[in-house]
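Letters A, B, C, D, E, F, G and H mark the chains as written, and numbering starts fresh at 1 in each.
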Amino acid sequence: MTLKVYLSGEIHTDWRDQIMNGAASLGIEFDAPVTDHAASDDCGVAILGAEDDKFWHDRKGAQMNAIRTRRGIETADVVVVRFGDKYKQWNAAFDAGMAAALGKSLIILQPEEHDHALKEVDAAALAVARTPQQVVQILTYVINGTLPS
Amino acid sequence: MTLKVYLSGEIHTDWRDQIMNGAASLGIEFDAPVTDHAASDDCGVAILGAEDDKFWHDRKGAQMNAIRTRRGIETADVVVVRFGDKYKQWNAAFDAGMAAALGKSLIILQPEEHDHALKEVDAAALAVARTPQQVVQILTYVINGTLPS
Amino acid sequence: MTLKVYLSGEIHTDWRDQIMNGAASLGIEFDAPVTDHAASDDCGVAILGAEDDKFWHDRKGAQMNAIRTRRGIETADVVVVRFGDKYKQWNAAFDAGMAAALGKSLIILQPEEHDHALKEVDAAALAVARTPQQVVQILTYVINGTLPS
Amino acid sequence: MTLKVYLSGEIHTDWRDQIMNGAASLGIEFDAPVTDHAASDDCGVAILGAEDDKFWHDRKGAQMNAIRTRRGIETADVVVVRFGDKYKQWNAAFDAGMAAALGKSLIILQPEEHDHALKEVDAAALAVARTPQQVVQILTYVINGTLPS
Amino acid sequence: MTLKVYLSGEIHTDWRDQIMNGAASLGIEFDAPVTDHAASDDCGVAILGAEDDKFWHDRKGAQMNAIRTRRGIETADVVVVRFGDKYKQWNAAFDAGMAAALGKSLIILQPEEHDHALKEVDAAALAVARTPQQVVQILTYVINGTLPS
Amino acid sequence: MTLKVYLSGEIHTDWRDQIMNGAASLGIEFDAPVTDHAASDDCGVAILGAEDDKFWHDRKGAQMNAIRTRRGIETADVVVVRFGDKYKQWNAAFDAGMAAALGKSLIILQPEEHDHALKEVDAAALAVARTPQQVVQILTYVINGTLPS
Amino acid sequence: MTLKVYLSGEIHTDWRDQIMNGAASLGIEFDAPVTDHAASDDCGVAILGAEDDKFWHDRKGAQMNAIRTRRGIETADVVVVRFGDKYKQWNAAFDAGMAAALGKSLIILQPEEHDHALKEVDAAALAVARTPQQVVQILTYVINGTLPS
Amino acid sequence: MTLKVYLSGEIHTDWRDQIMNGAASLGIEFDAPVTDHAASDDCGVAILGAEDDKFWHDRKGAQMNAIRTRRGIETADVVVVRFGDKYKQWNAAFDAGMAAALGKSLIILQPEEHDHALKEVDAAALAVARTPQQVVQILTYVINGTLPS
């Protein structure tokens, strides 16, 4: 069995690398949004021309990023969404909502402090993990049927 | 033409009443989540029995609320999602993600201060409004074709 | 808000009546399989002619019942599946699987003794209730937002 | 023609091996749930942490297994569901219901003694087999067009 | 429970009237193709202008009829397809294929002499009836749960 | 049989009125875009605030109109698209493409001079009409089975 | 561009070989039903056991063949259905109906004498061919853009 | 990440080659309609026989081309639609409508002079580009996350 896994959400720590390295032997096809924050914010105007109004500057960028993120979610078997300590992270919750509506297997990776605020998101998930290692263990179990010793 | 409109998001101000009153003559069928915060938090354990662990207390409630909210979103023509000044509001962004994935017409109602943080959500919307009155005007235009004088 | 609720599963006790009576004021459209056991078993041959082989006798009946049950599940917003004390009840679990795959809100009504055996079914449900009264309370909350006092 | 076949149900005999060995020359991609009973029961708490309440212990495990089983069913062309002699086997019937709702070709593998109890499940199937060898013969015929001599 | 039933196929006997009269008390919404043979053949050219080539004459008519028949099938709960004694009746088999692909409950009404030739069509049906009265009895059972006495 | 018909395309002549008046006795539920050209162009900025850049002025309006037009097309049984003598009319062809992809019955109303340029659009339609009266005759035939005398 | 093409219908002449040989250089993945008439008729009872009643003999076989034919149609880009000179060929028309409902590109291969009887089927097709060579030419054009010289 | 990109619209300049050459290192699978104008116009009659009436001549060709174009759009991740300076280009707008209805990521490539006339089409797009180079830059960013320096 092979899996396609999309890694959505927080882009300021190395959690994606931890998961991809930990799961390197499983043959998973990983996908993720562009994680270069500056490029992600400015891609729209950098390619299609500047905007005077920050609202449309953001719109151009967000729509360009959507080409990548929507495809990533739509073609995934499993969507992992990480909520970090900072920022609003509404795009993470938005991705989780899309994944849920599309019937994807959803894994939420979050600190306990967010449990109450994320209860509606967690209720749509098949697992709520606390560490990238746990996500690796879940993926290992799903593919190989083996538990951590 | 009739419309079904689901009013998602912030539950601490009277924005839903403003929209429903303002649009009273349009024949719209409005739907919304349970907006009694305490009932919404405790419905699961109040009906199905107490939980020692707050995580499962929340899970039971969130899943019970999902019976109502998912049906509300799935049967709507238009989903209005309001982001307020406080709280994480990840459930609002989650609802917006579901609505987008289901192809619903999405209207976001938000203060300007959230524009950058909501850019991915707004990029999936057909309108970004600042006031409930603007939402009423949009619904009036969509149904009657008339603009505010 | 109106709801369509399909009541699947055990047909030897009056649980459906308890729910329909308890929820009589909620404007719900209830649907259910034919609960006359003898008619349900023999409908195929009674109408379309006898079969020598019990296997095809059963097939004719099961397919005729499927005209009703599949439509009931497909058009429902909420599917309640009751597991009783006796019999194999594979048709109940089959209905639950159909409801889950179709994205219906699933409520399982079961005694605690079946919890382990039903864990995969329960994991796809939004509520696991123990009594018909709890189902009435859930439906009341979903429609009116009010909890039992 | 290649086929993807998911082998659902009973996990205490070697029926899966019999089918996979018998069909080894057909180029089929087989998939199945985790068949290590203990791992399957405890995967949730082994990875994500212990639960005091057996109900949630089971829920965590069942949801983790669902990541694998739902993908297995959703991507299959043919779903074979085996009902054995023991246990409730509601998860097998649940899988059959999902497969039917998703339009998969369903093959049921069961002893005759269950014929009446499985009549609704069988009525959704394209074949009811008694032995793993018959399943191999069906798959051989479907792929190569050849019948057993 | 209400049902929408589409009556497809043979248009030279009064079988539709027999079913509609026999089922008059059941509250069914019946639909059917245009059964005026001449109008059905010539509708395209009568409205949109004559064609020199019979092939396009037929095409114009068949496409105009498709506006009605496809909607009838797509919105039906149950599709009854009658095969009579004469003509090729490929449109009847085509309608049955559409109904099967759309997941409709299919009832075939046919004389025994066609059993072998219709085996693939029958295999997708939930009932194979011989008389319009049997179809009425099936519909009565599906809606009321009562069998003919 | 009732029908929902969406009237898309050219907004400078009274063709919609001709069809709605001509078909007044058929019980059809008609829907259409906002046909007040000025309101349609300016609705976005009139409600949500002015834009310096004409491109975003247009975007705001087009997205607001999409709330109405997409719902109109998605809920229709039949989509009539009229191409007139003037303007680019790319929105008409865009609506036709949406209707085709959604499996709607498509009727194109156009002058002969556009036949070659519209050949791809016409190839997805079930009828190509030249006059509003022909559309009325088609709808009359589809609903009543009667041809013009 | 690669294509998957399903060749449905008449099994008594070598038209499939003509198409597959003629299109050998195009990289098409062809699929077809089992064309061994005796095997196709008897596969059900040969594998799963004899039936006294010819009706169920046929049912077992038709359902086993459906495992192959439905997958062939569902995964195809193009479905070619050939109607020959003899037999009822309702299964061919049934396959065409399934292909049409699933939005497949449909090519009908038929003699002119069947034009009127097949008008509803042809009206759902993108091409009506008279010879296997024409089908080869169509597939060549679709893939390479070249016409026969 | 790999992408499938369909290049729809104007066929008289080398914009497709510019994009395919510029994006040659990205591993994209490109697809497009037949761009030989004469072949595209005459394919139907060249293969299936001449028509006296230009309307049916065009119909035969347009339907044959639809085998290729619809598959191209349906299997694409990204659909780029170019509007040029000349011709009606309704087929381009039609393709954009299909792509939008199917949830494809849509990029419109157009000169500024068409901005107002294309506002409904652009409103469904994730990017509006002015040059093939910008499309190459978008695809580069979507796949590699790098912006033009």
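Please note the rule applied: a residue touches a chain if its C-beta (ideal position, glycine included) is under 8 Å from a C-beta of that chain, and two chains touch if they have at least 3 such contacts.
All of these numbers come straight from a predicted model, not from anything done at the bench.
K.L.:
What pair in G-H, E-H or C-D shares over half of its contact pairs, by residue number, with A-H?
P.N.:
G-H
K.L.:
Quick one: point me to the chain whose Cα centre is farthest from that of chain A.
P.N.:
Taking each chain's C-alpha mean as its centre, the farthest from chain A is E.
K.L.:
Can you check whether chain D and chain G touch via the same residue numbers (shared by over half) or via different ones?
P.N.:
different
K.L.:
Quick one: chain A and chain D, Cα centre-to-centre, how many Å?
P.N.:
31
K.L.:
Between chain D and chain F, what's the gap in Å when you average each chain's C-alpha atoms?
P.N.:
The separation of the two C-alpha centroids amounts to 49 Å.
K.L.:
Could you work out how far the Cα centre of chain B sits from that of chain H, in whole Å?
P.N.:
37
K.L.:
Identify all positions of chain D at which a residue touches two or more other chains, and write them in rising order.
P.N.:
Touching at least two other chains: 63, 66, 103, 128.
K.L.:
What residues on chain F touch chain B, complex-wise?
P.N.:
31, 34-36, 39, 42-44, 46-48, 60, 63-64, 66-68, 70-72, 74
K.L.:
Tell me, which parts of chain B touch chain D in their complex?
P.N.:
51-53, 56
K.L.:
Would you mind writing out the residues of chain H in touch with chain A in their complex?
P.N.:
Contact set of chain H toward chain A: 1, 3, 77-78, 103, 105, 107, 126-130, 134, 137-138, 141-143, 145-148.
K.L.:
Contact residues on chain G for chain E in the complex?
P.N.:
It is residues 54-55, 58-59, 61-63, 65-66, 69, 83, 87-102, 114-124, 128 of chain G that touch chain E.
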